[in-house]
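Here the chain labels run A, B, C, D and E in written order, and each chain numbers its own residues starting at 1.
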Amino acid sequence: MLNSALEMLFTSQNIVRLLEGLLVTIRIAFIAILISACTGIAFGLLMTMKSKLIKVLCRLYLEAFRIIPVLVWLFIGYFGITSVFNIHLEGEVIVIIVFILWGTAEMGDIVRGALESLPRHQSDSGKALGLSFGQLYRYVLIPQAVRRMLPATINLATRMVKTTSLAVLIGVVEILKVGQQIIENARFTVPTASFWIYGLIFMLYFIMCYPLSRLAKRLEAKWSS
Amino acid sequence: GQTGGDQANNANNANKSNGASSAGSLEEIKQRGTLRIGVFSDKPPFGYVDANGQNQGFDVEIARRFAKDLLGDESKVEFVLVEAANRVPYLESNKVDIIMANFTVTEERKQKVDFANPYMKVALGIVSPDGALITSIDQLQGKKVIVNKGTTAQDYLTKNHPDLELLKYDQNTEAFEALKDGRGAALAHDNTEVLAWAKSNPGFTVGVPTLGSTDTIAPAVKKGDTELLNWINQELAELAKENFVKQAYEKTLLPVYGDDVKPEELIVEGGKL
Amino acid sequence: MCEQRSFAEWTEREAGMNLNWEFILQNIPLYEKAAWLTLKLAFGGTLFSLLLGLICSVIMYYRIPLLKTIMGGYIELSRNTPLLIQVYFLYFGLPKLGVTLSETTCAILGLSFLGGSYMAEALRGGMEAVSKSQIESGLSLGLSRWQLIRYVVFPQAFSFSIPALGANCIFLLKETSVLGAIAILDLMNVTKDLIGMYYQTVESLLMLVVSYLIILLPLSLFLTWLERKVRYAEFGP
Amino acid sequence: MSSEQREILLAIKDLHKEYGGKPVLKGIDLQVRRGEVIVVLGPSGCGKSTLLRCLNGLEPIQKGDILLSGQSLIRGKVDWGQIRQQIGMVFQNYDLFPHMTVLENILLGPTKVQNRERSQVMEQAKALLERVGLFDRIDAWPRELSGGQKQRIAIVRALCMNPEIMLFDEVTASLDPEMVREVLDVMLGLAKQGMTMIIVTHEMGFAQAVADRVVFMDSGNICEIAGPQEFFNNPRTERAKQFLNIFQY
Amino acid sequence: MSSEQREILLAIKDLHKEYGGKPVLKGIDLQVRRGEVIVVLGPSGCGKSTLLRCLNGLEPIQKGDILLSGQSLIRGKVDWGQIRQQIGMVFQNYDLFPHMTVLENILLGPTKVQNRERSQVMEQAKALLERVGLFDRIDAWPRELSGGQKQRIAIVRALCMNPEIMLFDEVTASLDPEMVREVLDVMLGLAKQGMTMIIVTHEMGFAQAVADRVVFMDSGNICEIAGPQEFFNNPRTERAKQFLNIFQY
């Protein structure tokens, strides 16, 4: 049984195609994580503003992504936006856009949490030294916040990698879709294909995410002491 | 190739082709240099991806020929892989120029897209395991029926037999897999589809070969895109001269159906019933 | 006047905003049924997750050899793979080994497999947040090991964990949205269905979002309130 | 009856304690008579807390013996649950259980560990609360109390177990001066009533007022044991002189 | 030159401060001359920290005025960045920036705020570190320092800005006695060198030794201003007597 599964993978193009699919997955995650890390920091700073109005708006934006599942957002982006505005966007582009919006919200909350968790006397003693507002953030608050939020940020990245699996549901041809095509193709030759292919994809995701979450744990342990 | 660099192109084109009227769509396709056709990737022998990642199947044969006749080279077709449920949205949002994914002509769909002349005839069929063969829809009372989301089978059963419990899957692969895993008593789908599948899956038989009225399968274009529509109709008529649809049948469907099925029962040559 | 009309036209033509209310009303029962199913699955999943998490967290807290390694492996596997792949594997993969589980079983099993590790981490975090000096003052009162757990560690650990546990509940509820992939007729699946059959995209999506808001908004508000209350209890006014 | 003639309640013999190979207590010898108040002084890190923790079985020891009423707490099978009932301890951090009211905090030990009648314990708890001036806070939650109040409740909680001896580890270290006074007053009261106590503190005035004997420790050893007058006015060892100097400006 | 004849460096006039409607400072009047050391005493919550925070602009005030070298810190457009360079402040919590070494902590203000030459500031920093006995810890991280060391560095950090006046808010409150002494010794040294200082402390011995004048506050008011001998031996107000009693056993 294992033999035929291996044969299915390594004869023909199957393994290459799977890896190409994996590349699409990684590409989506990478672009989304990179961009939302930057936009998230800006959003986080916005959330620490004193203005009530800004606070409420930020909160609404954040809660929208907290309450409504990402898959629903993907659907809204994929079917809803196109049918309302007649804009043509590739599934992959939609996934990236939705992930960036979602990532910005989550990342912003991480940044806000990190900034607010800094003891108040840190900013007091910065001010007492005569640091200006900008200098206070630049030299005192942000460097400390970055350390505090790094583990949570890596965890968010892991979540985003995992969530790329949903892309298949809006027709993006990524690893899962390729896997399904292979299963379909091998239905006569390897009837147990779905076990092996889904098992393999399961492990591939694990291999992508495990190092990330290990890193997050290590950093957390290191910096909490 | 269905992925990769082409996509950037498409995004650009999208902006140009925005708006309700698509006058000059042929011109636009020619400028772009590729014809985008939505096909299935998991529905052999009509549209599927083989082990080397190539699109194959009956629909795909015809689609390639369209590209050849429109753009002079059959490699200038870009296959966009669609699923049953998103064929209309793909057209509406200009993701494809033509849908040729076993698209059955129905009233609801006609509201949303424009169908060209048909190239195939279809009715519904029900396939079930030999051990518990379903030969009439009445036998399905109280049992689970597997369907593929967004297909005419689902549509028909939901409207005409609302009491049946349906197991709905996004993809063909999953639906047939579920039948094999014994998750439902039977699977309802286009009879062309189930016949082909039962052929290659010993132990399963199409107990109900025709159900409901006979429908047609036709290429579809975006609503209002008469220019492309007319071109397709003309093209189908042209192809009839060399019996191209029959050739495609022989190449892709015959190996599956064998001689049990007469081609005339399935194919439509020249767009005329 | 003129402008108004042109705007109405625009929304109708360009944005397709004239909602088909008849369609919406017609399909409310469908969404209602799906919402209950979603809730039921999430409830079952949460319940088993909690149970699994409880066992796991106690094993991890006491560092029971062997079991601890097994649970550690489980936690990593569960946390580092997507639910969609987990249920695909359970639903389509396992039958190839002769194990065919029903949709509901797969759904709850998948949710519990995923949720168990999250609950375990939440509970363990709570247990470890109980300070060493609390345990020592318990000991110096002469409490036995079991009494210590019963009267000192657990009540506090649980209240420390509440925010994380609550977040996990919402997380699991949201995760049910992928279960449509294995033919569970949840909200997501119903929506996809309607879009595929009737092409009433905007209406269906609107109903989907509203359904999730109806379920999750009160829950989320309740949890925020609960969290604040617990934190109040912890640190005082 | 002077304290010299009373029975020896607690005897520490050549106590050695290491943390991961690093010796922290290097042979402590001390005898505490019933009713005696011992104040332990010494610079930070000299092992004062460790000593108290060893007496209560919170830390295993490497060598030596501890005898409570002549019975060893180290040799043979020791029922620490039983022994800890006789040794009350109060720590620096206010360690009331935050999920229980004041009364529940106090009742937990007597009712669950000693299986005493709830109503009878309640009587005692009320009397003790009255004595520390917190009777009206009986149903309060720990979070509603000031630091000084919490420490007084913690003392009541320990007293309610009717211990033979009480150990106090810098119970006022993180309190404001006024609260410090509240708590120390309670301890002074206890001393007057004849409670046997070992007190670790940095409050020199209080130490002088409450101690029967002062034990001065430095880096894991006892350097000097003396009466309070003698120790504060005329310390014998150089190290003790140096230590006391810190408090003079 | 006795301090009475020196110029008035800081003048506080009828200072009122509220937190959300609750008055915390109810009209404080105080004049500090150059070179004078003021010790502020008072029970917890009486507003000592709040007073210092107002002087440094960390809290907005509701009424009154503060003049530094005759210039108002309240009226008109005030450049706090500029003023804070002249007012050094050290807090109770060890507020070194944990992500910077000792040297970086010290250099931050002078180089970034005052734009002074790095090498020149370095000279000064080294001299100051030498003076507080921590020259060898110049490249250490805050987490590697004891509490007392951290506070001494925090003082150096403030001094390196060459302030006119220094504010100290219970800088020894969470330290062990020996460390308390280390830090207070540094402050005594500063006083000898003529630094103008306002010190909030609970160390009575130190207060007596260092103060030129003692300011006793209670619930937002100044109750008594007196010389240290006079205040500690013969307090005028009842409230001050009560307060001082706390420290007597």
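As a convention for this text, a residue touches a chain if its C-beta (ideal position, glycine included) is under 8 Å from a C-beta of that chain, and two chains touch if they have at least 3 such contacts.
In UniProt terms, the chains line up like this: A = Amino acid ABC transporter membrane protein 2, PAAT family; C = Amino acid ABC transporter membrane protein 1, PAAT family; D, E = Amino acid ABC transporter ATP-binding protein, PAAT family.
These numbers were taken from a predicted model, which means no experiment stands behind them.
Q: Starting from the defined contact criterion, work out which chains touch chain A and chain C both, please.
A: Chains that touch both chain A and chain C, as defined above, are B.
Q: Using the contact definition stated above, find the chains touching both chain A and chain E.
A: none
Q: Trace the shortest sequence of touching chains from chain B to chain D and report its length in steps.
A: The fewest touching-chain steps linking chain B to chain D number 2.
Q: Using mean Cα positions as chain centres, tell me which chain lies farthest from chain D.
A: B
Q: Which integer distance in Å separates the CA centroid of chain D from that of chain E?
A: The answer is 36 Å.
Q: How many angstrom lie between the CA centroids of chain C and chain E, rounded to a whole number?
A: One centre to the other, that is 53 Å.
Q: Centroid from C-alpha atoms only, then distance chain B to chain E, rounded to Å. What do you get?
A: Computed value for the inter-centroid distance: 82 Å.
Q: Scan chain A for residues touching two or more other chains and write them down.
A: Those would be 79, 83, 86, 169, 183, 194.
Q: Touching two or more other chains, which residues of chain C qualify?
A: Those would be 92, 181, 192, 195, 201.
Q: What are all the touching pairs of chains?
A: A-B, A-C, A-E, B-C, C-D, D-E
Q: Quick one: which bits of chain E touch chain D in the complex? Just the residue numbers, please.
A: Chain E residues touching chain D: 43-44, 174, 176-181, 184, 188, 202, 205-206, 208-210, 246-249.
Q: Once bound in the complex, which stretches of chain C touch chain B?
A: 13, 92, 95, 100, 102-103, 180-181, 183, 185, 189, 192-193, 195-199, 201
Q: Within their complex, state which residues of chain C touch chain A.
A: Touch residues, chain C against chain A: 14-17, 76-77, 79-82, 84-86, 88-89, 92-94, 96-97, 170, 174-175, 177-178, 181, 188, 191-192, 195, 201-202, 205, 208-209, 212-213, 216-217, 220.
Q: Flag every residue of chain C that touches chain D in the complex, lowest number first.
A: Interface residues on chain C, with respect to chain D: 131, 133-134, 136-144, 147, 151-152, 155-156, 159, 233-237.
Q: Within their complex, state which residues of chain A touch chain C.
A: Result: residues 63, 66-72, 75-76, 79-80, 83-86, 158, 162-166, 168-169, 176, 183, 191-196, 198-199, 201-202, 205-206, 209-210, 213 of chain A touch chain C.
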